[in-house]
Structure formats: structure tokens, C-alpha cells
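Take a look at the structures below.
Two complexes are shown next, each including chain A; its partner changes from chain B in the first to chain C in the second.
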Partner chain A sequence: MADRRRINGPVGQTNPPIYDTPQEKRIAKRPGDNAVRKIFLKTGVTPSASGSAYLEIDDPFAIRPSGTNLKLTCTVHGPRALPRSAPFSPHIILSTHVKYAPFATRQRRGYLRDSSERDLGVHLETALRGAIIADRWPKSGVDIIVTIIEGDQNRDSPDYDRDEGWDMMNVLSGCITVASAAIADAGIDCVDTVAGGVAALAAQDEKSQPSIVLDPDVASYHKIFAACCVAYLPTRDEVTNVWFKGQLPGADAMLYNKMVERSLVACRNANRVLIQSLSETINPGQNVS
Partner chain B sequence: MTQAVAVPGQLLGPADRYAAGAGTHIHESNLYSSLLGTVAVAQPEKAPGPAKRLTRIAALAAGNNSGGNSNNPNNSSSNSGGNRNSLPTISVSRSGVSEKREVLPEVGNVVLCRVTRITPRHASVAILVVGDTVLEAEWQGLVRVQDVRATEKDRVKIYESFRPGDIVRAQVISLGDQANYYLSTASNELGVIMATSEAGNPMFPVSWKEYKDPETGISEPRKVAKPF
Partner chain C sequence: MATSNSLTLSSATFAKLSPHPFLLANLQPSDPSTPSSRTNGRQPRQARPYSVNNSSLSHAHGSAVVRSGDTTVICGVRGETLLTSQIPNYRAPQADNIAIGDELRDYDLLVPNVELATGCAPNFLPGVPPTTLAQTLSTRLFSLLHSSKFLTAEDLRIYHDGAGTQGEGDTEEEGFGETTREVKAYWVLYIDVLFVSFDGNPFDVAWAAIIAALRDTKLPHAYWDVDRELVLCKRPTEKEPRPLSMRGLPVACTAAVFTARERQKKGSGQYWILVDPDRLEESLCNETVTMVVDNTEGETKVLTISKSGGTVVGPALMREFANVAATRWNEFRSALQ
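Take a look at the complex of A and B:
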């Protein structure tokens, strides 16, 4: 049922106009497949929340105004008292909500969370639960709310049907990193800073062989065969969550391991940004080793 | 002066050279930060850190240390227990990050609370202050009739001890059930510290069991806390 209290947007998808001369294919002019896109991360953006963070992964080749950007904001509320109906809990109760803004993707999103958003929420909760020292906060709950402002999709690519949800991998890794920053900002005890990273098995164009790339900018590859999003604690060398999607060609048995290892590299890169950003909140403008 | 910054998961030092303070944890006989904040090392001569989390940390350190001893043969459990007090305490505080650091009431803490409702069996209170820290959120507490005072427990009547709106100093005796912390006022220092009369005037204590309204002259029964 439509929500009558809000001004609803048009039902279904709204597409930008498609012109006669299709825009040329985006080309991944990366320095290499091992490069990850630049991450912007800032904590303390929402004054009313206990902790908050904002993450942005910018399109490095943004020649058009509508590149494929990822913009996430996370707010942490709590630790606070559990509702009266909740049973006794000797540790903190995590509840994660991941929500796409209605305008975040090509397909317009509703105001209620759909199954993919709930799925992201479950993955995020698993990733964070391994990092939080839950028994420091008995009888309390914390709400972690991630809003996806821009969902890493190429808006003016004419081939809409090619959307197979690979961008959700990048979104999840961003969610993990931004939530980790917001939790640290809120002062909830963690064993380590958890960060997310993605590796994918992708082919540049029709002729080229698939290769493993880090932080895949989905729109600039011809086809993605499989992708893997990992949440990783670098100091502990522990993985708290793995999400693997797609089909691997049967020839190489070690390919799965290789992909997870490559995602760990992406995790370490994201973690470096996270540490730098957290350190700057205490001593602004100072470089901390 | 710049202070040393710690992010969660940062190595602070070996566990046999420092004692774990607030905001730290022990993993494989090393001390790591568990908070984003500034590092403080307190020498054992001084008061070892804030007292509000002390019970919890002592238990954690003892539990982890006995588990970690198998990895670290140099650190036998007998001497680690003995010289724990002589080690400098390393702690991570949130002072540089933000002033609003949420703390939880813990068993043994003295809290200030406001009475919200009373029943014959207990008084419901909202905990406002733990130790010296004003809480961000309100936590529910319960003073049961048998915890109001230490003597003549069977003659205690809640409505002769508390009224809604009173400010009470109490001690946490249990984490309680799912909703409430259990509090006790069974000590001379604990009880009502601020009260208003039925006429709405602030009252002053006149005895261990009475508050008096200076304007109407009517006294009301309370469980009065000993003034400092």
C-alpha cells in the first residue's frame, strides 16, 4: 500500500532519456587492477547521533556529472536501554538497518526495506558482531543505520538489463567500513577496526580473459563472473564475514582462495583510510603514523 | 602537547608490563585499545584510573591472563596476580573525542536517580547520574521494599520512604531483570537527598525519617540520606 503521508515519487523506474547516439562505453583506465578507488571518510557528521560517519567513493574518471559514485552515511544510536519487552541480555544487542535512499539507484526504491536491503543488513550485522566486545555493555542495545545516498550504479549507461546486482558488493564493503567508523566514533568497545573490501573476477571486454580486480567499478567491465566481499580485522588477521556471489570457471581450483586473498588487500586499503580518518578526529590536521 | 592517539585494535604494550585500564582489552598476552581516544598511563602510586569500570576490568584481566599463560611461559600465574598492583595502568579515554561518553551503571556504583512511581512492593526510579558521570540515556531502576533500609526490613513501607519526584542516592546491587537495575538504599549515606512536599515546596531533612516543609510546617516521612 502506498504511503500517503509522504510525497511519493513516480511508481516504478524512471530512466534518463536515451539518445540516438549511445554514449560510448566507459573504459576502465585504471593504473592497474590492484588499485582501489579513492575513499573519503569523515566521522561525526550527525550531531544528534552518538556516533556517525560519511563515506564517499568517487569516480576517478568523472568526465560526466553522473559518474558511478558510492555515498553512504551511517548513524549509531546508543548504547541505550533495551525496550521493556526485550528479554534480559548479558551483552549488547546489535540491530543494523541498511536503506537505499529512493533516488540512490536507477530503479527507484520504496520507503520500506526490501529483501536486498534486509540482506545487506544481515551481512553488516555479522561483519560487525565479530569486531564488537559485546559483553562490555550488558542490557543495552545499539542501532546502526546506514543510508545509501548513491548506490554505485552508472546512471547513463543504456544497457539497464545488465544490472545483476554486482554493485551490492561494493555497497556492502562501504557499509562495513562506514559503520565501523561510526561505532568507533560512538565509543563502543571493539577488538579492532573492521573494514570491507571487494574483489571480482571480471572481463574487460568480450575478447579478454577474465582476471581478478579489486574494488570493481561495475559499469566499466564487460562482464563480471564472480565477486567476493570480505570484512576483515587487520590487527587480528581475522575475517568476520565473507559474501561470495557468482560462478567460477571450473579450471582453477585455487581461484576462490585467490579472490578472498585479493579482497583482503582491498580491506587493508580501506582500513588505512579508516585509521587515518579516526586519528584525525582527535588531532585535526595532524598526520599520525 | 599532543597526546598519543589510540584507535580500536591498536597495540598498546605487553600485558606483563602494563595493567589493563578502561578502554583496553587483552588478546594473546598483549594489550590492545578497544576505543578511539587518547592513551593515558597511570603509575600505580596514583589512583589507578577511574573507579567506575574497575570491577569489570579486574575480572577480565584475570580471566584472560590465565588463558594466555599457556602462550607465555615467563608469566606464571602466581606472580602475575601478585604484582598486578605494581604495574602501571594503561587506559584509553574518550576525553579528546567527545564529552558524551555513555557509561553503564554497574554493580557497586553509587547512582543518583529520580523516583518515577511507587507501588507497595517497590519504587521505580530513573537513573540520572552514575558516579560523577551524567548519563545520556535514562536507565530504569527498582528499589524493592526489602532493600530500602538495613534494619526492620519487615516494617518498611514504600510510601513512607519515597514519593514520586524525589531525588535518591542509591547503590546498584544487581543488573536486575530485563528492564530494571536493582538498587539499594540500605546504608546511612543512601536515601532521599532532595524532596518536595505535597504543597510543592522544597523540603529540608529534620531526622532520619522525616523531611519538613519550611512554609507549611508539615513534615513528611522519607528514607533520609545522611548529609555529607
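Take a look at the complex of A and C:
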């Protein structure tokens, strides 16, 4: 039975537009393997929530001025008392929700959360749980809701069908950073600000040797072999979550370590943006650089 | 107000503890020299200004972000194709274009949905089915989209020119002559409205976002491919996508009626019309009026009036409110440009 609480549209099947000519391949010149895309972060976008933040990652190859790759909003509600029916909990109970907007990706998303969204939610929860000082709020809960307004998929990417979900890595690292900013905005005590970062083993084109790149813009690579998303606490030098996906060639045993290390660099980068945006919230008008 | 020093409340605490007297005290100040205003500092007839930002999404065919005070709404319009063979009880439109019915409504070509469960306010959390408010909003927007006749079915038809594809030899289409232009498919517009931040007056802002997004919508040029039996689209680089044609510019304007409770002798029976209520005011008012007006042709045309919850607003006030809605229309039009 169809969802009766929403407007479902026609009974027949609708198809997203199919184009007659394939998209010409973009010539994407990365500034370098170590380059990280620009991050825009702002807190306090939803005044009625306890804390909120908005994150945008810039697309360096955007044709249109508004063509950014990743847009996320996060709202934090709480800490608040758990319902009476809930069992006693000595620490704060985190509940994370990650949801794609229907217009966030190439394929229209439904309104019910699918498995990939639940997966992102679980990863986000483990990443944040390590940072929050949970014992300070017994018997209370906090809701962290991330809405993906635009997923990290490029509309002009040549391989329309081959979607291996690499963009989820970038989405997760964005989710971690934005949620951390929103938690700080809500005034929930943390040991440090968590930041997410991604490194990937990718090949630029068919002939080139795969190399480790930071913050991979999926559309501009020929193939991605493996990717690693890390949540990191820079001042304590601790990692709260690692998500590794893909296959590594067996010859180099250190490759895995190298990838994690490279993603830590991306994390530190994101953390710098995070700190700056938070200090701008505290002293508005004063340009902290 | 508390006069003793031991119990002095800040205005924020007062607002939280007893919101109704707080708003009343603001609207009806004890000191006549202070002007009466709402808790948010606005005059009763003063609405929050709109700000509109178009085409910020890359995956949607049209999109808009509309902000009015602390209410922020994103609307994305996405076109998908629906084959006429997939429509049950499909009847081809007549050649003389006399409507045999409303195609937009009969074939469900417009699909507006409102998503409130984004944590946009503390009472809208995800993980639960859409709230009553989200459902009523979706339904009201759906019926307004159809009743205002804002879009035309012609824009959403995908034709196939039978005569143009005649190859060698005699196909069956030969017999039809030159009038073999038939509708093979329709565009279905998925209109998704997402609340980023919620501070009252959801209907007006959601409708404004839908209008702005539809004005921004450009559908790619689509044609029927006979060999593959598919609808194919031309790349925007090859053929410029065309915008939708629109009829007028309907703008919604909502006001809430705030009444002094009868218990309080001082101002019983008194009421205030609060245009563009925020979340606090909405929670205190029972009676709301929404009017959708269109001023494009110089005179105010009323498309919808809906009023619920009380008995204060009568015909005279309604007429007065139409003028308020007309000024709101002007505000929105200048925000669009």
C-alpha cells in the first residue's frame, strides 16, 4: 500500500530524463593530490533548535556559480529529559538521523530512510559518541538531525549509471564536521571538536598509477580503488571512527596506514574551518584569521 | 510585572511562563507612551520581508530558497517522464484543444510534498510519520496548485510527430495525414518542499518557495524515440531547455487573530490581527485567515480564502484584509525580481 500520508503522484512509473547524447567528459584538473576543496561552515541557521549548522563544500569546476557539491544542514535538539517510559541511563543518549532531501542526488530519493541513510546515521553516531562527555547528562537524550540538501554527486559526471557509493564517504565526513559544529553551537560539552576527512586511492585516468588523494571529488577520477573516512579529535590526537571501503593492492602493507594518515590531514583541515567558524560565532564582527 | 526585587523576571522567562499575557502586555502597553507592538517588535500589520534565492540546487530542474524572517524553506522541482501507456484510463486530448478534463489533475502530474521532519523546530523530529501539519500543508498546496491553474498542461505534454518520422514505404501512419501529432508522454513535476528552519506561517512561505521554484524550472527538450520506444531528452548544450509558462502570480497571505481572553477584565473582547504570525503567536491564536491573491492585472483577484477557528473576522474585515494581502503581493513580487 502506498504511503497515505503523502502525495504520491501518478500510479504509473515515472522515469528521470534520459539524454540522447552522452555527456562529454569533463577535463578536471585537480590543483594537486593534497588539495582540499573549500569548506563553508556557518552555525545558527535554525534559531528554534538548540544548535544548528550549515556546511557547503565548493566545487572547483563548477560551471554555474551555484554549483557546489555538498550542502548539509544539521540541527541539534536537546539535551532534554528522556520520556518517562525510557529505562534509566547514566549518560546522554545520542540519536542521529541522516536524511537525503528528495532532490539531493541524481536519482530522486524517497521520503523514507533507506539503508544507506541508516548506515550514515550509525557511523555518525559512533564518530560523535567519542567526543561528547556523556556522563554530564544522565537520563537525557539529544537528537542530531542532518539533512543532505545536495549530495556529493556531480550532475555532469560522465558515468551516469556507475554509482558505487564513493560519494557517501564525502557525505559522511561532511556530516561529522557539521554535526560537531552544531553540537558546539548547542553548548553540549565535548572533549574536542570532531572533524571528518576523507582520503582515497584513485587513478586520474586509465594509464596513470593510482595515488592517494585527499578529499576526492568522485567525478573527476577515472576510478577509485579504496576510500577511507576518519573522524578525528585533533587536540587529543584520537580517532573516533574509521570507515574503510574498497580494495587495496596487497603488495604494499603500509598503504592502509598511509591512507589513514592522509585522511587525518584532511580532518585537521576541516577542523581549522570548524574552529574559525565557531570563534566567529563567539565574537561576531571580529574577523579571526 | 513583578515589582519586588526578589522576583524579577526577564522578558524571555515571562514569555515562556505565560505567553498569552506576555503578548497581550506587548500589544496593550500599560504606559500609553510606548507604542503597541508584537513580541517580535513588528507592528500588527507588518509582515517579515521575503528574500528569494533561485537555482541553488544542481540536481533539480528548478529550485528556490525562500526566507521570511526565521522561516527558511527550500523547494526543488524535478521533472520525470510518464508514458501515456502507463496511465490508466488515458484519453488523448482532442485536436481542437477543448479540455476534456483537467489533465494535470486527472493524471496526477503535480506532486507537491512538504517535509517538516528535519528538526526545523523542536516539535518536528524525524523518525515519525508526517505530522498532521505536514499532511494538511501538502494537501492545501496540492489543491491550490490545481485550483489556481498556475501551470498549463500544454507545457508538460511530450508530443510525437508521426508525420515527421515516415520513412520509406507505406507505414500505417500514412493514412492519418498530417494530423498525427499525439501525446506520448507527460512530464510529472515532483515538487519537494523542505523546511530548514521553522518560525511560523509555513503555508505562505512554502507557497512562495513553490512559485519561485516553478518560475525557475526549465525542462529539457524531450521527444519520443520510435525505435527505442523511450522518451529521450536533448542536452541543454544542444537545445536550450524551456521554462514553464505561468498564469499570473498568486501570493498567499496569512494572519492570525489574537484575542484577549474574557477572564482578563481589562481587555475582554479586544482583538488584534497579526499578519504573518511567528511560532509563538501561532500557538496563542485560534483563528487564522489565509487569502491567496493575484494582482498581476492591476486589480486584486482573490483565488482562495480560508478561515478557521473563530468568529472575529467578518466580511468587512475580510475586505480590509484583501488590501493587506495586496501589499504582501507587491512585497513578494519585488523580492522575486
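Observations on the model:
As a convention for this text, the second predicted complex is superposed on the first by the 262 of 289 C-alpha atoms of A that agree within 3 Å, B and C clash if a C-alpha of one lies under 4 Å from a C-alpha of the other, contacts with A are read in each partner's own complex, and residues count from 1 in each chain.
The working rule: a residue touches a chain if its C-beta (ideal position, glycine included) is under 8 Å from a C-beta of that chain, and two chains touch if they have at least 3 such contacts.
In this text the structure is predicted, and so the values were computed from the model without any measurement.
When the shared chain is aligned, chain B comes close enough to touch A:Ser279, but chain C does not. When both complexes are overlaid on chain A, the residue A:Pro16 reaches chain C alone and has no touch with chain B. In the overlay built on the shared chain, the residue A:Ser220 is in contact with neither chain B nor chain C.
One of chain B and chain C touches more residues of chain A, and that partner is C. Once the two complexes are overlaid on the shared chain, A:Asn8 sits against chain C while remaining clear of chain B.
In the superposition on chain A, contact is made by A:Trp137 with chain B only, not with chain C. Every residue of chain A that touches chain B in the complex is listed here, in rising order: 44, 50, 78-82, 84, 86-89, 131, 133, 136-140, 184-185, 187, 189-193, 233-236, 275, 278-279, 281-283, 286, 288. Only residues 5-21, 23, 45-49, 52, 64, 66-68, 73, 75-77, 95, 97, 99, 101-106, 108, 111, 113, 143, 145, 147, 149-150, 153-155 of chain A touch chain C when the two sit together in their complex. Chain C makes touch with chain A in their complex at residues 55-60, 63, 70, 72, 74, 76, 78-83, 86-88, 107-109, 111-113, 115, 118-122, 125-127, 129-130, 134-135, 138-139, 142, 188, 190, 192, 194, 196-199, 220, 222, 225, 230-235, 238, 279.
Every residue of chain B that touches chain A in the complex is listed here, in rising order: 2-3, 5, 7-11, 23, 25, 27, 32, 34-38, 56, 94, 96-98, 100-102, 104, 136-140, 175, 177-179, 181.
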